[in-house]
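Chain lettering (A, B and C) follows the sequence in which the chains are written, and residue indices restart at 1 in each chain.
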Amino acid sequence: MSGGPWERFAAQFPELLDTLLLGVEMTVIVTFGGFVVAMVLGMAGALLRNARMVPIRMLGTLYVDVFRSVPVLTQLFIIYFGLAELGVKLDPIPAAIIGFGINGGAYLTEVFRAGIEAIHRGQNEAALAIGMTRAQALRVIVLPQAVRVVLPPLGNFAIGLLKDTSVASSVAAPELSFRAHMLVDQTYLSTQIYLTVAALYLAMSLPLAYGVRKLERRMARGRLA
Amino acid sequence: MPDDVGRRPLLRIVGLHKRFGTLEVLRGVDLQVLAGEKLSIIGPSGSGKTTLLRCINWLERPSDGEILIDDQPIGETRSGDRRVEMRDVELARMRARIGMVFQRFNLFPHLTALDNVAIGPIKVLRQPKQEARREARALLDKVGLAHKCDVYPDMLSGGQQQRVAIARALAMQPTLMLFDEATSALDPELVGEVLTVIRGLAAEGMTMIIVTHEMQFAEDISDRVIFMDHGQIVEQGPPHQIFRAPAETRTREFLRAVIDRQVYAAETA
Amino acid sequence: MTWTDFSEWLPQLLVAAGGTLKMSVLAFTLAVFAGLLIALARTSRRRAVSAVATCYVELIRGTPALTQLFLIYFGLASAGVILPAFTAAVVGLGLNYAAYMSEVYRAGIAAVHRGQREAALAIGMTNALAMRNIILPQAVRIVVPPMANYAVSLLKDTSVASLISAPELMLRARDLSSEYFMPMELYVLAGVMYLVMAYPLAKGARYLELRMGQGRIAS
């Protein structure tokens, strides 16, 4: 091969991009999967933290405190390498989805809890006072308001998660960063390839960020008791 | 006017325009204020009187026109047709000579009353701290707040906060004082203490421009009253003329509405 | 895991945790200062300056820290600038967090009422004096709690530096794991060590949040 790195990069660009786009697909899958798991665990966690019984409440607190104090990379290694040692051999992609899901769930627990707390107690009482049942009050009065509080941080969480999935390359999940790593090993075009990768991440995160900002502005206008 | 012989204009405003987007708030204001003069500006809200005041110390950048303090242009200098914006430091030096009292006080909440007054001399005039604080104490004493030196603004009443704000402006030894509706944000029972302080300053011969809704006060204190409407000076003259025998219909209508309201407020109080 | 294993690992992991702390402190310091510069640049009256600063923030926040680390470590190396992994990690994470920090400063500055700046200008302060003496001292109270939260996540994110072989806790845990073939034990141990470092910091951040809540800020 001859020419400078940028010329080599230009010549190989179509193939490189094809491979990277395969990685993009996997990045989207891991992000989406992790997001869904985190949503479920976050709601469960928020319910635990609002439970009446103290031991259950402490369980919720423990979940949040532990998983928010340990790097997600460490959690991924425990799930992927650690569990394998005990005979539970997960594929990289499911391991990543579970890892990001559990980690994100701890974060979303706090988000959902804040959402519930942001609704003034008077709202619930006023709903009960006009004869609604507890379930009705929750569904018709409290939740619609809580959604407004929760949506912007949920959006920001999704952006953070998208970027964090790059760490899954370290457990050999074939997402964007992993593909990039392989290509760099083959071509030594580190600057060119990582810049392309950065551009691809931007192409995914900027529209999300734009959406969140719009949402934030809209929500700020919405009325909240 | 024979009694003006020898008195120089301290402030000269020529052809002042201010636009916010398409909205023209000031539409050609010309004004001269003599040293020692006490000028009140009255008019309905939205007439541009506050904007005029804020243009004088360049908190608002005029769209067109010229403002001269002691024959020195503020904000920008002209070379031919070009307007050159002043350097931050020069602008600050000019602002230091113009005291301003805001409607909402704007005291610095992280500083005690004493340091609110002393911070200008310390940071801008680079006076030694001891000296600046000593003078600040004297100024707080003058506005009747010597006992509140070490108190933070959030522990002061509105009237007390505004008196500290006046002391803060005086600490810079300004040649001109601007009062922007200094009593509008105050509870009625606190208005008097602030007006008393301003009256005291007037008696000492301070040059001042007062934007106010207190008509009685304006009549008592002013050498000259200006009525503004729709971004222009409609009428001006000595207070007895403006308040007792206004020449313009718009002035009459405004005064009647204000006085009706004040009488009504007094009766219902 | 036997007691012998444990007693062999622990000193090594503790030394590595020291590396994690050192990396966190250095990167955080860089982020605090660089972030302030970026925030001030964004308020600049010169369009070009504020545009560059805004672009920087958007680009950094839109891409993973890992990609940035790779660019600094491998990318610069291919251009002849060879940084030690630890330095690359400090610079990379510091500049990454600077972008987030600048947003915190910006929110803090915006939260100080406009009248404060005007009152400062009115007594003759320059913009710089007003920023330093009036606006920043008030913004600090707003800024400190979110900064403390960023310190916690920075501490955790230093683990990513292991992927460019910077000497810190996760790298050591990985090395030991490939030597002893006991990943579960080692990574859980590493996790506990992170917990011990991050949890008190997070509690401190929470405490600051509650205490700074009732500061003296004009609004």
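We take it that a residue touches a chain if its C-beta (ideal position, glycine included) is under 8 Å from a C-beta of that chain, and two chains touch if they have at least 3 such contacts.
Just so it is clear, the structure is predicted and the values come from calculations on it, not from any experiment.
Can you tell me, using the touch rule above, whether these chains form a line, ring, star, complete graph or other shape?
If you draw each chain as a dot and join those that touch, you get an open line.
With centres defined from CA atoms, tell me which chain sits nearest the overall protein centre.
The most central chain here turns out to be C.
Can you give the whole-Å distance between the Cα centres of chain A and chain C?
20
Using mean C-alpha positions as chain centres, tell me how far chain B is from chain C in Å, no decimals.
That gives a centre separation of 46 Å.
Can you check how far apart chain A and chain B are, centre to centre, with Cα atoms defining each centre and the answer in Å?
55
Taking the complex as given, what residues does chain A use to touch chain C?
Result: residues 5, 65-66, 68-75, 77-78, 81-86, 163-167, 169-170, 177, 180, 184, 188-191, 194-195, 197-198, 201-202, 205-206, 209 of chain A touch chain C.
Help me check something: in the complex, which residues belonging to chain B touch chain C?
It comes out as residues 57, 59, 88-89, 91-93, 95-100, 102, 104, 106-110, 119-120, 123-125, 152-154, 165, 168-169, 171-172.
With touch defined as at the start, can you tell me which chain C residues reach chain A in the complex?
It comes out as residues 58-59, 61-68, 70-71, 74-79, 152, 156-160, 162-163, 170, 173-174, 177, 181-184, 187-188, 190-191, 194-195, 198-199, 202.
Under the touch definition given earlier, write down the residues of chain C that touch chain B in their complex.
113, 115-116, 118-129, 133-134, 137-138, 216-218
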